[in-house]
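Below are structures written as structure tokens.
There are two complexes below, and they share subunit A, which is joined by subunit B in the first and by subunit C in the second.
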Partner chain A sequence: MTDYLDGNVLAGPLREVFGVDLTTAGTRCVGCGQAAHVAELRVFTDAPGIVARCSGCDNVIMRLVRTPDAAWLDLRGTTALRVPLG
Partner chain B sequence: MDTRTETASARTLVLDVPGWPGHLAGQHVDVRLTAADGYTAQRSYSIASPADGDHLELLVQLVPGGEVSPYLVEGFSIGDAVEIRGPIGGWFVWNPATSGEPVLLVGGGSGIAPLMAMVRARRAAASRTPFRLVYSVRAPDQVIYADELVRQSADGLDVTLVHTRLAPPGSTRPAGRIGVEDLGRPTGSAPDCFVCGPTGFVESVADMLVGLGHDPARIRTERFGPSGG
Partner chain C sequence: MAPFTPGFLGRDRSADTTLPPGQYLTHDFPVLSAGPTPRIPLDRWEFTVMTEAGVVRRWSWAELLALPSETPTVDLHCVTKWSKLSTDWEGVSLDTLLGDVDTAADYALVRSYGGYTTNLPLEDLLDGKAWIAYRYDGEELPSEHGGPARLLIPHLYLWKSAKWVRGIELLIEDEPGFWESLGYHNYGDPWREQRYQGD
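Entry: the complex of A and B
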């Protein structure tokens, strides 16, 4: 498997979409049920776009592709996203 | 805009960012360069300084053949403007105001940058929080912030240098990769752990820390990789 980074690198791209920091948000893997913060996901940046995978089972948690005029966010791999507020 | 040479391949960029909103130790910024023809390249760099008005210090490690770092390390001049976005990231951070737990920092190479922000934030806040830094470098001449780390060790910061390729003369530890004996078991009040470096380094240190009995929930990691260029 190629070198991966972690979800910290999603901080900038996700903030561009949501306006808040999502790296402290909680995820739960659809594949294996493992809970993790976005910052703890394994992130591959050498794909077309950014792919974040579960560190437990390698399931794809999210994909983010930035085009010149839009951001595509695929959240298929997490049952929910718990965003801390306030 | 000023620069400081840290080692043969690492340089500190000192930036003045009007209206900077402040940041937490460990956060990073995105730096965007735009060429005359409109082509842009963007990289993330950790902030190495604590919050201090509009003052910001970034550590840039030269990546040979890279697209951005050679320019920032070799081509950048005092007074040049650069586009900065941030502060970014709320996970790999240490806040002296809200954390009283002891801290274990483990850095590999230029992974020292966000950890140095934490060390400096501790000093700026006159915090008494016990800090231990384990810093892995290839050789003695690659220790970034060497003088400052020596000075700070008189201030309650415990620094352990790990040399992986070449140990300094007189060293009792032979050169070699970081191991469990360099990290130590958690004793007394268990520390919050921050690990930053290349992916392989972070992976092996995090595994060792868990093996030594550290709580995985208190180990925060930041990996950087070849995309750094």
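Entry: the complex of A and C
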């Protein structure tokens, strides 16, 4: 059963926080080292928050919770977030 | 004969709208999951309790099933706002599992297969308030609902009832779990609508 979506579903929630499209941003999994664009992550949305996982090892790359007055973002699962500019 | 008013017909639980604030009633059992469903072979499944001193107590699947079980009927309240009433479970009370554990801890961190964690005060696991549940509605607990076994702690929001439970660490100091570290309330009492930090 496919119970996840691709990372394009993160476009809106991340744009709300950063004001730009981050689906083309690059990640690198701290678990297995796999590089992936945000759009390529496996995203679980049927949960109290959004959880994006590595397609190679299922490690959590990023988590996002939207409370009524704040967004909470955890990026500990990626060594860096490479954001294309220009 | 004058007709009875509904008040004389007793409490119909299905029509009881006494829910925690902000909740709506559902008759489905929605599946929420922060990751892929772990598949744990029963011959490799174990449940552990580790004290603050590092002392570990282990139960195999057979050992868990050999313990006295209880059959609580409880209401479930999910922080995503659905509530499901009068659900039937079977499992082992945490009073049984923690009864002879020597600890001075005030807190517990629950760990699941798949990496999920959730934290709560140790006292919330005791006195008939929590179970390691392995049957739901008369059947083996389905994996999508946390089988082979999950924590069941119905007086808190359902994210505390960790699916695919693997063990409990007893801690002197509180340690936020998966959702508690990302904006959700540290305790999560649905009757006080403790959804988010600051509620």
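FYI, the second predicted complex is superposed on the first by the 84 of 86 C-alpha atoms of A that agree within 3 Å, B and C clash if a C-alpha of one lies under 4 Å from a C-alpha of the other, contacts with A are read in each partner's own complex, and residues count from 1 in each chain.
As a convention for this text, a contact is a pair of C-beta atoms (placed from the backbone, for glycine too) under 8 Å apart; a residue touches a chain by one contact, two chains touch by 3 or more.
No experiment lies behind these values; they were computed from the predicted model shown.
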Checklist entry - Should the pairing of subunit B and subunit C on subunit A count as a clash or a fit in the superposition? => result fit
Checklist entry - After lining up the shared chain so the two structures overlap, which partner does A:Ala11 touch, if you call subunit B first and subunit C second: first, second, both or neither? => result first
Checklist entry - With the two structures laid over each other on chain A, which partner does A:Asp3 touch: subunit B (first), subunit C (second), both, or neither? => result both
Next on the checklist: Applying the document's definition of touch, where does A:Asp46 land relative to subunit B and subunit C: first, second, both, or neither?
Outcome noted: both
Next on the checklist: Tell me the contact category for A:Thr67 with respect to subunit B and subunit C: first, second, both or neither.
Outcome noted: second
Next on the checklist: Just to confirm the geometry: in the superposition, how small does the C-alpha gap between subunit B and subunit C get, in angstrom?
Outcome noted: 11
Checklist entry - Touching subunit B and also subunit C: which subunit A residues? => result 3-4, 46
Checklist outcome for this item: Within the complex, subunit A is touched by subunit B residues 28, 30, 44, 85-86, 88-92, 199-200, 202, 220-227
Checklist entry - Quick one: in the complex, what on subunit A touches subunit C? => result 3-4, 44, 46-49, 51, 53, 58, 60, 63, 65, 67-68, 70, 72, 74
Checklist entry - What residues on subunit C touch subunit A, complex-wise? => result 30-37, 79-80, 115, 159, 179, 181-184, 195-197
Checklist entry - Which positions of subunit A touch subunit B when the two form their complex? => result 3-9, 11-12, 15, 21, 23-24, 37-40, 45-46
